[in-house]
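Worksheet: one structure, shown below.
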Amino acid sequence: MLRFLDAGESHGKMLVAILEGFPSNVPIDIENINKQLQRRQIGFGRGTRMKIESDRIEIISGVRGGKTTGAPICISIKNKDYENWAEVMDFQKEYNEKITIPRPGHADLNGFLKYNLDDIRNVIERASARETAIRVAIGAICMELLKFFDVKFISRVVMIGNIEDFSYIDSYNEDLINKIESSPIRCLHKDIEKKMIKEIQIAKEIGETIGGAIEVIAFGVPVGLGSYSFYDRRMDYLISGAMMSIQGVKAVEIGNGIKSSKLYGSEFNDKIIFEDGRFSRKTNNLGGIEGGITNGMPIKVRLFMKPIPTTRREFETFDVHGNVVKSRYERSDVCAVPALAVIAENVLAYEVAKEMINKFAGDSLEDLLISFEHYINRVNRG
Amino acid sequence: MLRFLDAGESHGKMLVAILEGFPSNVPIDIENINKQLQRRQIGFGRGTRMKIESDRIEIISGVRGGKTTGAPICISIKNKDYENWAEVMDFQKEYNEKITIPRPGHADLNGFLKYNLDDIRNVIERASARETAIRVAIGAICMELLKFFDVKFISRVVMIGNIEDFSYIDSYNEDLINKIESSPIRCLHKDIEKKMIKEIQIAKEIGETIGGAIEVIAFGVPVGLGSYSFYDRRMDYLISGAMMSIQGVKAVEIGNGIKSSKLYGSEFNDKIIFEDGRFSRKTNNLGGIEGGITNGMPIKVRLFMKPIPTTRREFETFDVHGNVVKSRYERSDVCAVPALAVIAENVLAYEVAKEMINKFAGDSLEDLLISFEHYINRVNRG
Amino acid sequence: MLRFLDAGESHGKMLVAILEGFPSNVPIDIENINKQLQRRQIGFGRGTRMKIESDRIEIISGVRGGKTTGAPICISIKNKDYENWAEVMDFQKEYNEKITIPRPGHADLNGFLKYNLDDIRNVIERASARETAIRVAIGAICMELLKFFDVKFISRVVMIGNIEDFSYIDSYNEDLINKIESSPIRCLHKDIEKKMIKEIQIAKEIGETIGGAIEVIAFGVPVGLGSYSFYDRRMDYLISGAMMSIQGVKAVEIGNGIKSSKLYGSEFNDKIIFEDGRFSRKTNNLGGIEGGITNGMPIKVRLFMKPIPTTRREFETFDVHGNVVKSRYERSDVCAVPALAVIAENVLAYEVAKEMINKFAGDSLEDLLISFEHYINRVNRG
Amino acid sequence: MLRFLDAGESHGKMLVAILEGFPSNVPIDIENINKQLQRRQIGFGRGTRMKIESDRIEIISGVRGGKTTGAPICISIKNKDYENWAEVMDFQKEYNEKITIPRPGHADLNGFLKYNLDDIRNVIERASARETAIRVAIGAICMELLKFFDVKFISRVVMIGNIEDFSYIDSYNEDLINKIESSPIRCLHKDIEKKMIKEIQIAKEIGETIGGAIEVIAFGVPVGLGSYSFYDRRMDYLISGAMMSIQGVKAVEIGNGIKSSKLYGSEFNDKIIFEDGRFSRKTNNLGGIEGGITNGMPIKVRLFMKPIPTTRREFETFDVHGNVVKSRYERSDVCAVPALAVIAENVLAYEVAKEMINKFAGDSLEDLLISFEHYINRVNRG
């Protein structure tokens, strides 16, 4: 059973994660993980912080001589900005300037009340989306495993503000990848890309922020992950919880879930086909999950992200004592949708890897592969 | 920590659930639970089975003299149809007529391959939405607890096919409840109700099925449930996983998540207000969850349900051996959206109760209430 | 991942358990499970209740046509005594004769205070060792799976009061089994058996109860279950928690743990041997667990059971109001050590099955076996 | 719900742990934690490594301005020896000298086979008892919380080889603490201490190792932790699993569990007494746990530790290829029993804190204390 915990504040020394239950003998190329971190930081609409931090992981344990050992994998990402924050964040000495003006749309007020704090700083630091950096690194490690099973990921922006690109992607190919990766906004189509960038620029100019939607697709996931046996084992349970937990996400759609009610049952159904001894589906409206279990089609998930709540525009609000005050601005991005795409890709990689390990077990990569190959042969006919 | 497991096949003897970690001294009125089961069974568009089954729970353990004891609560719901299925479902003697034609859109083929079965019947029986009856009963027990904290629920249908009713509900009131409960389709507005029913009738006439969307709202949930400390403790993580795991659901939206990208940050934000010593929000675009934590506003969730995949229309498909065959029809509803609303209400009740118990602990109702009242006093000012 | 919950009161309608995560296609012979229940009920020293209850399970779900289906397995055991207790145990109507005199040595007082109860009956009913019947049934189902991996169990009484039989068992054989199973006290040696029975008779005559110790051995467990990766994955963690949780157990010893400090390191060590391409150990002082992982030798565990606290001898005590009162007697056994042996066997079967499923995964028996056989070939040389 | 993960190799860069679910506002004095680490390293019989490492923790997250914030607490302990091992342990570059001779009594062979490794070094590094340093630090943080509830710990050595000191401790006092803490072997009685030291010296002289037993007592634990509701919630389940998982422990005894069968029921029972409005027990044979729940008496646990398997004495064994070879020596202690006492104390602190948080909840220290005080008032009479 794969599991992890992570820790770390947005302006603390570092982010840390411990990943337990990962099989042995998986080659880990640290540059692949750093590449995912870098992909997360690129994107039109990010603030200045992205230039400060150029994230790189350090491997603390669980990998030796280039391969995992079966022991817990501990990784960290330094916060390069920490040196400027050392006094504020000191673990021992109290910092006297407390933040008492909560920002709407953030955890500020709720966290302050829940944990009985005297400084909103303590909420901001942990609730920050900075944490997604370490979740990306965890997912990137999982991708190193999934490679051996030919599981691959695509993610892209499908909406910014009023600009949409719900075009259909049906297979993985390098040309597609190149188009997306070379776009500053992870948009597949050049013409739409321009409009999306415009949308962000306008928001920025007027001191606003803007949201959107992304799509992430996992190709090569075998039939049979997840189970209908109990609800917490369903693949859609696992995926939607993990996805909704990413900061800023307010809706999760699997396949064409939202539009599904516009179609009749026999129109929406993905017909079963059988070719070359393999079962498949004619279409993929279900996004690869049928009855809580993967059906071998690409897993397709869309996430809707609200605009980042912190705007430069000032407004009247209340402090924690109930006094009317001017709003407080904390450095922030204008649009984080492109980053969300990369984060979602890596979060999905973790969930898929977890279920692969659950299903095929084996404490080593070799055992996993043998169990996997046997299974694939069993479910294919002839 | 509240947890449960459930078991039972669609045409087996009964559905059973065990709920562990429920506080002692909570009065349980079995008729309240039966009422929830009944609400689930009503609704225009349901098939004939709903007339066969008039679900009632039996309490097997954990309740004595009208109150919970702190021991695990075991409940069951008899399948009245079982007598006609005893031979098919016999636990010991093999039934020779195997089902080998998988229905697209169900777990049939995936489950058959995953579990290496020789009869799709074994998939159908457990993957069936019949299981939601016992999940409703579990939620209904949680509602008995939540009453003491003035947490109340509303659920309604907001879309059937192309007919939408995304009107805004901002507070709980009996008039609203009466309108919804008296509608055969859980629609708030009489004029829209007619159109929705028409939509279902048309689908039925042409041998089709139809999907839609529902909205469920929990009123009275205190600020501070869930946490940003780690992603699996976020309230949106818990809710969206549980909601997406309900059979047929393909998208989960919290607050106005899907439309959020059409608004700028300062438009979407729910402004903080302070009145009579209590913090609140001017609007509720976030659906009561801010930074992964409840903010004291109503929790508002929308679920999008695909059309039921089993249609009376016949089509060509493949059997498990890869042969081309005519599709197989298994008795089914035309539209289960109204039922989904009731199910979602009870599933949400479980998640809220779980977090209430996590946050306020106490092994007895009395301890919980004292801890709760102290907290409410603490987070309110003056 | 295998998991279960159970429910039910000692004099309630029935005991129920739900077992989730069990592989499909495992043949279940209900008589094998009933046989384990029967073994638990036999034994010199048991009270009259054992004659009232002749436990048999009912299979409610998860098994069809003689085999598991992959769905949750729900089983129940009726309490035949229930008819005499229906009024006392009524879930709705309050029973007016409350128990207010706690018995020392039981959960009575602690449970009463913890759950803020007004009747100790509610504690007695759930804390009772009657629950072990359903734990035995769960273990017995696991034994149906373990058979396919040639995992077999022996359990016996090694101490009653002052009479000890710490003889050494090094292998599984039918002769040994027959001797133990035919002894009314599960004692391997006829001469010691007599003394043990005498010890119980004396206790009975003077209105006392008596404890002892048992040994349970699992043969055929492969090398590699459990892990040193994190403490909660160690096989000794899993086993000792489960064993200590059986009512009455106050000490758990793995291998020759207690005597180990009387030997030097090189005396205690189980030397590694290599024969016919297989690694093994010369001795088994470690009881089959080395560094938290099974080493392929038999798992050997000893449990020490305190005397049952309820004695016929009357004494002065306090009621829940703090008044001095005469002690209260609730029907009880004189010695439950032989039953403990059978319970421990089945509890161990569950823990071993759980780890086998963790390690070899596969959703079906066939997948598990292929993964297992591959592994066994891998760890053996030549 | 409190939980943690730890990571790190014996000769890696550092040990790391992440503790999640810890309440906010708990003052953390880092020197208290370092003091526990130091106590673990002292003790007659330890090897030279203890002089190399003088463990100190670094706090990476979750503590700010001297208090916990509610965010995950990440701590690390540097391995000072790492600089000498950097090449061996390099995460990227393979180290060519592989270890292929497994040491009996360690996880060496089992881990090697399980994880399909080519170097036993990978097993040694993680299975090492070096990990207990970080478990001590986690427990020490929990002690900072438990202070506020007046929960205090004593631990001492009660057996080394053939020398025993099973004297009875019935209350916490500073004099006792001083005697134990000033003994190089954590022995309460000077005369026995000498004999124990002698026992270790002899073992050392002949190239052997030696085991023993320790006792750990938690004073001030309130009635009502744990539950009989399900076996995995019993306090004895939690404690015995955690204790048995400490490297080298092979038996766990709660109260006078092992000797209990030498007494009749009415002799062994801890009679209930009632004084000054509080329930208590006359004796403490049960070690503070009755029916799976704490009864308010001190929790008393004894652990039996096998001799460390690595001896200087050389012997014939097998390498992983099945060849006969000379045994391999890896630096090791002669006796680690005094260290075990300190480790057990801190491991127990974690389990007690976990259950305190489960029972009294509250996200902040203040909420916890209020819930606790209310409860204590409730369970006491008048």
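Here the chain labels run A, B, C and D in written order, and each chain numbers its own residues starting at 1.
Please note the rule applied: a residue touches a chain if its C-beta (ideal position, glycine included) is under 8 Å from a C-beta of that chain, and two chains touch if they have at least 3 such contacts.
For clarity, every value in this text was computed on a predicted model and none was experimentally measured.
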Task: Of C-D and A-C, whichever chain pair has more C-beta contact pairs - done: C-D
Task: Most distant chain from chain D, judged by the mean position of its C-alpha atoms - done: B
Open item on the list: Taking the mean of the CA coordinates per chain, how far is chain B from chain C in Å?
Closed with: 38
Task: Whole-Å separation of chain centres (CA-atom averages), chain C against chain D - done: 26
- [ ] Indicate the whole-number Å distance between the mean C-alpha point of chain A and the mean C-alpha point of chain C.
- [x] 44
TODO: Would you pick out the residues of chain A that each touch at least 2 other chains?
DONE: 5-6, 20, 70-72, 111, 114, 116, 126, 224, 227, 229-230, 363, 366-367, 378
TODO: Specify the contact topology among the chains shown, as one of line, ring, star, complete or other.
DONE: complete
Task: Sites on chain A touched by chain C in the complex - done: 1, 20-21, 70-72, 224, 227, 229-230, 358-363, 366-367, 370-371, 374-375, 378
Task: chain D - residues contacting chain C, complex - done: 5-6, 102, 104-111, 113-114, 116, 123, 126-127, 131, 135, 159-162, 203, 206, 208-213, 223-224, 227-232, 234, 236-247, 249-258, 260-266, 268-274, 277, 279, 281, 285-287, 290-296, 304-311, 313, 315, 317-318, 321-322, 378-379, 381-382
- [ ] Sort out for me which residues of chain D touch chain A in the complex.
- [x] 3-9, 12-14, 16-18, 20, 24-25, 28, 30, 59-66, 69-74, 89-95, 111, 114-117, 119, 121-122, 125-126, 363-364, 366-367
